[in-house]
Amino acid sequence: MLFLVHMQVNIPHDLDPADAAALIAKEKAYSQELQRNGTWRHLWRMVGQYANYSVFDVASNDELHQKLSALPLYPYMTLEVTPLAQHPSALAPN
Amino acid sequence: MLFLVHMQVNIPHDLDPADAAALIAKEKAYSQELQRNGTWRHLWRMVGQYANYSVFDVASNDELHQKLSALPLYPYMTLEVTPLAQHPSALAPN
Amino acid sequence: MLFLVHMQVNIPHDLDPADAAALIAKEKAYSQELQRNGTWRHLWRMVGQYANYSVFDVASNDELHQKLSALPLYPYMTLEVTPLAQHPSALAPN
Amino acid sequence: MLFLVHMQVNIPHDLDPADAAALIAKEKAYSQELQRNGTWRHLWRMVGQYANYSVFDVASNDELHQKLSALPLYPYMTLEVTPLAQHPSALAPN
Amino acid sequence: MLFLVHMQVNIPHDLDPADAAALIAKEKAYSQELQRNGTWRHLWRMVGQYANYSVFDVASNDELHQKLSALPLYPYMTLEVTPLAQHPSALAPN
Amino acid sequence: MLFLVHMQVNIPHDLDPADAAALIAKEKAYSQELQRNGTWRHLWRMVGQYANYSVFDVASNDELHQKLSALPLYPYMTLEVTPLAQHPSALAPN
Amino acid sequence: MLFLVHMQVNIPHDLDPADAAALIAKEKAYSQELQRNGTWRHLWRMVGQYANYSVFDVASNDELHQKLSALPLYPYMTLEVTPLAQHPSALAPN
Amino acid sequence: MLFLVHMQVNIPHDLDPADAAALIAKEKAYSQELQRNGTWRHLWRMVGQYANYSVFDVASNDELHQKLSALPLYPYMTLEVTPLAQHPSALAPN
Amino acid sequence: MLFLVHMQVNIPHDLDPADAAALIAKEKAYSQELQRNGTWRHLWRMVGQYANYSVFDVASNDELHQKLSALPLYPYMTLEVTPLAQHPSALAPN
Amino acid sequence: MLFLVHMQVNIPHDLDPADAAALIAKEKAYSQELQRNGTWRHLWRMVGQYANYSVFDVASNDELHQKLSALPLYPYMTLEVTPLAQHPSALAPN
């Protein structure tokens, strides 16, 4: 089941740079793990913004929330979640 | 080059039903043609709305505008176009 | 799986009154059928508005879209869909 | 009498972690007490957000304000309150 | 129990003038009846707008919805309802 | 002459608690003085918010600004001022 | 007493051109009469819009509402009214 | 050439009071100098806000930007600039 | 003197197609005339929208308003005008 | 390929002035380098704001994101990117 997720990252300027770098590294590792297991199906950078559009494939709302709230950068993110369904004109199944 | 396109469809209530049906059929054929040739890479229905999120793969802004403004339902659509770039954590190339 | 759905109804003033009444009756019958089978778990009127907040219990996004887009008043509605997950402090399971 | 309450939590990053944890524990205890006595009828987590939708059952506006402003996390919350009435199509009474 | 109600009136330009005048007269009579029985406690015109701020005193959400949805101009109104509670600094009880 | 005033209070979390308490006490005393002399005609708490709706009765815009900007909590408030006129259906004069 | 008034004009496309022209002529005459008697102190066109910013000098809210609602184009206008006070740095009295 | 300028002042709470007072004094002197030389034609306080509406008379966009960005409080201001033209019904030339 | 102008075109669906085509042709001729004489310096199509961003070079606000309000499609346009000044880092003069 | 980019700069008040000045100098040098090589085609100051409208000419979304995210002031900027296409009435090619 697919969800479009818009992620806006707002790391406070006064966060210790080392802490920030560590979080960002953890975020990358975590996201690549989810990409490998098919949960995080698409990840695109929005041009000119510290933000991305992603598509998640999960079995339930609860699984999505669990996966999103486990993002290392979650405390510094604003997320918008849009549930997606099969479009009648789409050739490919979701 | 990828663009996320949000398409909200607002067909006027007083449009002749036969005309509307014809337009919708043309729209489906046109979108499936673009899906087959790889331009219209993803097409998802937004749950509960006569709207979709799509991802287009085009060579330029001009090509994208030409493809979008040729949509049969274009006169009855509100579109938002978001240019996408490669995310540094994405395993798959755009 | 639960979704909060906000439904704003905007029936055009120039819709034939008999057609409107027929649609509203069908809407009531359809909603009560879904309430009986547990899909439409909660239905509350927003005070002072021709709108409601509802909670749907469905197995997937696709099922939710199918149930919503089958609403007789669907063409005259603006819907907002919010996926819900289990709250860690909630005593009752979703 | 039912009210839908949207609660967005914004705990400042620089709040002492121990204080934050204590507040969150108190919030959980307080909310579960109100759930047990029927005041806090529903509590759902919004997917991807430190926010919830809740339904309160109270006798008056004043009781609702008293119950909400007593939330331990109240100083760090943005609340939206929507009064609900009986929907004419709802099978279950509010 | 008090509610602040913002009422914006939008009578369509193409509504038959006689019908409009009849509705407006009924609205006035209805509102004055509710003012006399204490339900409609305050009614103020917003300067420069076909809108008003009112304060209603009712026993429940349901009563408020019933009173509001019975407004003759209700189909042509956009309403916002704000529940009010006793302010700790207010000398007069609500 | 009446004005509806919406007051949203945002006291910074890092304001010294004693200073905050002193300001709040002064605010209460000041508001009750204006209530006694008829300037501050109504004061209602918005349910679930550190905000109020008030109605001021003043002789001019300048007097209103003078009275509002003298509020002890003024530096921590966001105000919206709506001028009110006599409604043609209102039984009571403003 | 001064008020800044923003007036956005939206004359429906299907209004009979002769009626529209007559209304516009009446609007001009009415506004010039109020300019001559000092009520309508300033009238400026917003560049690129069928809208204006004006400053009215009136004795009360009620007078302002009476003057504004008497505008011939009033039914086709959206107005925003901002009460103005004497600025402490202004050399000229309001 | 006239421009309407909306100025919202947001002096941070933690700015040293002496610095703030000095800036405000400089702002007053600067604004009165521009009022005297006809650049700053009108200056009105928005009731209930640390904000003003002003009208500037300048020869060009560049001159306006130069005059505005030289405001001592400029770093703590949010400005909106609206170019004004002669209104066809205005008796007085701009 | 430069202004950025955002033009959103909304031609009503029920406008006679021949009239619409005539207006669009006139608009093209008018815009090309202004491009040739240097007034309309830039004209770009917003991808996916019946809208454009343009840059006008004019001597005054009044000239800009006169040029814009003379656009054949003006009655069906929503315009936003942003005055531009010389940027201190720009190599090219405006 | 052209993009309109709106850049709003928000340098925190508590950033060390020397650091801020160094960043601003680097920003100027970087932008002038891109202007010289034709990437940063237009750069205009928005009157009354620490913001600009720019037009970039790049080969792809990725190049645009790379150029924008390399702006020295990027961490303190809010950017909006609008893809532009050739307007059918524009005499000059993009």
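Every chain is named by a letter (A, B, C, D, E, F, G, H, I and J) in the order it is written, and numbering of its residues begins at 1.
Going forward, a residue touches a chain if its C-beta (ideal position, glycine included) is under 8 Å from a C-beta of that chain, and two chains touch if they have at least 3 such contacts.
The chain list, named the UniProt way, goes like this: A, B, C, D, E, F, G, H, I, J = Muconolactone Delta-isomerase.
The shown structure was predicted, so the numbers you read here are calculated from the model rather than taken from an experiment.
J.: Using the touch definition up top, find the fewest steps from chain A to chain H.
T.: Between chain A and chain H, the shortest chain-hopping route counts 2.
J.: Give me the step distance from chain A to chain D, shortest route via touching chains only.
T.: Counted as steps through touching chains, the separation is 1.
J.: Taking mean CA positions as centres, which chain lies farthest from chain D?
T.: Relative to chain D, the chain with the farthest C-alpha centre is I.
J.: Have a look at A-D, G-H or A-C and name the one that copies the E-G interface, over half of its contact pairs being the same.
T.: Interface equivalent to E-G, from the options A-D, G-H or A-C: A-D.
J.: Chain B to chain I: how many Å between their CA centres?
T.: Result: the chain centres lie 27 Å from each other.
J.: Please tell me the distance, in whole Å, between the geometric centres of chain G and chain J computed from their C-alpha atoms.
T.: Roughly 40 Å, centre to centre.
J.: Please compute the C-alpha centroid of chain D, do the same for chain I, then give the distance between them in whole Å.
T.: 50
J.: Please list all residues of chain B that touch 2 or more other chains.
T.: Counting only residues that touch two or more other chains, chain B contributes 2-3, 45, 47, 61, 64-65, 81, 83-86, 94.
J.: Once you draw an edge for every pair of touching chains, what topology comes out, line, ring, star, complete or other?
T.: Contact pattern: none of line, ring, star or complete.
J.: Looking at the whole structure, which two-chain pairs count as touching?
T.: Chain pairs that touch: A-B, A-C, A-D, A-J, B-C, B-I, B-J, C-D, C-E, D-E, D-F, E-F, E-G, F-G, F-H, G-H, G-I, H-I, H-J, I-J.
J.: In their complex, what parts of chain I are in touch with chain H?
T.: My answer: residues 1-3, 60-62, 64-66, 81, 83-86, 94.
J.: Help me check something: in the complex, which residues belonging to chain I touch chain G?
T.: Where chain I meets chain G, its residues are 3, 5, 12, 15, 61, 64-65, 68-69, 75-76, 79-81.
J.: Could you list, by residue number, the parts of chain G that touch chain H in their complex?
T.: 2, 4, 27-28, 31-32, 35-36, 42-47, 52-53, 55, 82-92, 94
J.: Give the list of chain H residues in touch with chain F in this complex.
T.: Touching chain F: residues 13, 45, 47-49 of chain H.
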